[in-house]
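Both of the next two complexes hold subunit A, though its partner changes from subunit B to subunit C.
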Partner chain A sequence: MDLELMINSFPRLLNATVVTLKLLSLSLFFGLFIGLLFAVMRMSNNLILNRFAYGYSYLFRGTPLLVQIFIIYFGFGQIEFIRNSILWVILKEPYWCAIIAFALNTGAYTSEILRSAFQTIKKGYIEAGKSLGISSKIIFYKIQIPIAIRQSLPAYGNEIILMLKGTSLASTVTLMDLTGVAKYIISTTFKPIEVFIVAGSIYLFMTFAIHNFIKFLEKKYSY
Partner chain B sequence: MELLAFGKTGWGDELFYATLMTIAVSITAMLIGFLFALIFTPLKLSKFKLLNLIGNFYTTVIRGVPELLVIYLFFFGGSGAIMFVASMFGYYEYIEINAFITGSFAIGIISGAYSTEVFRGAIQSIDKGQFEASKVLGIKKHIQFYKIILPQMLRLAIPNLSNVWQITLKDTSLISVTGLVEIMRQSYIAAGSTRDPLFFYSFAAVLYLLLTFLSMKLINRLEIKYSRGF
Partner chain C sequence: MNIFKKTIISVLASLFIMTNVYSDTIKIGTEGAYPPWNSKDASGKLIGFEVELAWTLCRYIGKQCEIVEQDWDGMIPALLMRKFDAIMAGMSITDERLKTINFSQGYADEVAQLAVMKGSDLEGIDTPSGINLSIGGGAVKKALKTIEGALAGKTVCVQTATIHQNFLDSGDVGSVNVRTYKTQDEVNLDLASGRCDVALAAAVAFTDYAEKSGKPVVLVGPTFSGGAFGNGVGVGIRKGGSGAIGERDAQLLKDFNMAINKARKNGDISRIATKWFGFDASM
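Moving on to the complex of A and B:
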């Protein structure tokens, strides 16, 4: 055990944790909107929208996240049209490519979570709203969404933790996140166990924090 | 389509073998995972606090740490650990373990943590009466497990195990960082030499979709088989 290395690498790994957290929060933020959009599409009666949303979630849940990042980072740069467009400003940055891939990926899982949450809402709530003369738009925003969010909290908590682990793949497209820096230190010092313990503890700490935060929210919004 | 031709002109045969490699690693990892689950499920269900703690430590740490970090640990630390054990037996030469074994082991340990949780849940949801009834009938402990508990447990576990299989299959793509030539690594090589990453990574995605689709079909049949009588 090289205690000195563990202590020395801790601040560097902690700095890299900031990158991980930034990636996580941005992808979750965009992913939530994508998820909500596709969940609504999945529930629509329009067959094309419905099939499209189904295909989207099937595609992103059936392939590894690594493939998705590589297609966006390495693949899209190949298309002439994208390279000449304004999109290139974003797509040439590995940082944004990773966030796009993560957001699309978590969006697919989130849409499934939200869809099942929407489907478990009792019809009575919507009917009660209708009979009170509330417009269906307000029923959706004020009744369906709050209930669905409460219903999907436990599953969404798991998804946040999966996404936290998913951000480690950013290191494959040259980003120096927590896993990226950990790998760099391992490959320069050849002390994998020590670095794994420090980096793993940071990840575990974040997992516990997320887990407990979701538990707290569940309790707060329980009915 | 030329790019996918078999033989020397295209990447068809290379990608075909890479797909077989992905399947081989996934199955090996899944089996190693079952082995770990076999050890750790009883620990998690044990009455002894210490054994309980060990079981929980395993599943919590593995499920809370990114897969890639675990793979790096095995990739960089694997031969070191083996050499350390070998040195205790008086063998000091350099030992290199091949990427297949390191990769399958790393993914297997991850898959095992998920399998352990599935088996624990399945055993806990079996009616207590089943255990008691077989005890009353004087059935031996190991026959009780194989003939009464296991068949019922499998029925409950198969849907969740199919999720674990999907996770394992997708996780094998991460082994490509160790240089094992599976779908991802082969696509990386092909994309590099043809400068056509979009095509090859999209094709890799199609291959993974095909694998997940086909395995779902197979598992559904298993599920029907094990839920006879319910």
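Moving on to the complex of A and C:
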């Protein structure tokens, strides 16, 4: 065990953690909107919207995240038409390719989490709102969404943790995130165990923080 | 003893037999993704200069061999953890690596070169046709300065943990915006797509790609050798420790050196190199 290497690599790995956290927060931010949109589409009576949302979630939950990143990064880069389009400004950058892949992936899972949360809302709450003469739009924003978010907290907390670990795949498209820098240090020191123990501990600590934050929110918004 | 117990014991026993470190088969690790050094054919079989050379060397050593695949960035750690006994993966002999593992004498040499897509402004770069970093001197310094200027503001792509990455990180050509990839295939893909302005690798890796893909990849600047680029490609072997296992590693180094001598004398290395590279890359 090379303790000195572990201590020396810690600040560099901590620096890389910033990249990991940026990737995570941006993906979750976009993913939440995508998830909400598709959850609402899934509950719509319009068959086309419904099927489209179902197909989206089926596709992104049914294929590995790594494959999705590779298709978006290496796959789209091979298509002349995309390279000549305005899309290339974004798709040229590995950073945005990773965020697009992560957001689409977590969006699919989030849509399922939110859909099931919406479906567990008791009819009574909505009917109570209606009988008070509140418009269905207000009922959706002020009653259904808050309850659905509370209901989905435990499952969504899991999704955040899964996504945190998913961001490690960003290193496969050249990004220097926590895993990327860990691999770089290993490539010059040839000591994988020491470096991965430090990197793994940082991941573990982040998971610990997320887990407790979600637990705190659950308590705060319990009813 | 019932049948259930017997089965478990025999399964466990077979596991131990399979991982026996005293096994007489030499396991050789290669990447299988660095043509023409080593790669895979359409059916997934390992092929290339080093795969063919490995079988030849094993014949001279007179032992059974097995060639196994290993990702490049885990090659040396895997050797140290005894997943295999020797590395033949286009790995150059460098001082950095010699701190951790041993190398046999070199069996082939490669020069590194920058590559761009046709039409790049780097195409006109004015340098000598080749520089040797070990020799140094005014001409080399001047060429490095020219390259430093040409690479400024460009995204330079390399495979991770290679001599090419070491060179770009060394500061010899200033501070370069380096992007690292897991395999050379991925470097080639992103060079062709335009994500990389310029790439650095063994010159043959680019000519091989240009030939097979039909993409207009052009080599620019000088060929690099010496210094960070090491002293040829050799067989990587664990440093012999104490005890029977250490002795086996030390013996393996002797065996490979002997086999390389014989293969060189008999013209095997030249013949196989010419077959795969199109020129005699043996040393």
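The criterion applied here is as follows: the second predicted complex is superposed on the first by the 223 of 223 C-alpha atoms of A that agree within 3 Å, B and C clash if a C-alpha of one lies under 4 Å from a C-alpha of the other, contacts with A are read in each partner's own complex, and residues count from 1 in each chain.
Note that a contact is a pair of C-beta atoms (placed from the backbone, for glycine too) under 8 Å apart; a residue touches a chain by one contact, two chains touch by 3 or more.
Note that the structure is a prediction, hence the values are computed from the model and not measured.
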When subunit B and subunit C are modelled together on subunit A, clash or fit: clash
Partner chain in contact with A:M6 - subunit B first, subunit C second, else both or neither: neither
Partner chain(s) touched by A:T207 [first = subunit B, second = subunit C, both, neither]: first
Which superposed partner A:Y184 touches (first subunit B, second subunit C, both, neither): second
Partner chain(s) touched by A:K92 [first = subunit B, second = subunit C, both, neither]: second
Partner chain(s) touched by A:I71 [first = subunit B, second = subunit C, both, neither]: first
Which superposed partner A:T63 touches (first subunit B, second subunit C, both, neither): first
Which of subunit B and subunit C A:T174 touches, first, second, both or neither: second
Which of subunit B and subunit C A:I145 touches, first, second, both or neither: neither
Touched partner set for A:R83, first subunit B, second subunit C, both or neither: second
Common interface residues of subunit A - those touching subunit B in one complex and subunit C in the other: 74, 77-78, 172, 183, 186-187, 190, 192
Residue ranges of subunit B in contact with subunit A within the complex: 60-61, 64-69, 72-73, 76-77, 80, 166, 170-171, 173-174, 176-177, 184, 187-188, 191, 195-198, 201-202, 204-205, 208-209, 212-213
In the complex with subunit B, residue positions of subunit A that touch it: 58-59, 62-68, 70-71, 74-79, 161, 164-169, 171-172, 179, 182-183, 186-187, 190, 192-193, 196, 199-200, 203-204, 207-208
Subunit C residues within the subunit A interface of the complex: 73-74, 76-77, 80, 96, 100, 157, 160-161, 165, 179-182, 186, 189-190, 192-195
Residues on subunit A engaged by subunit C in the complex (per definition of touch): 74, 77-78, 83, 92, 94, 172, 174, 183-184, 186-188, 190-192
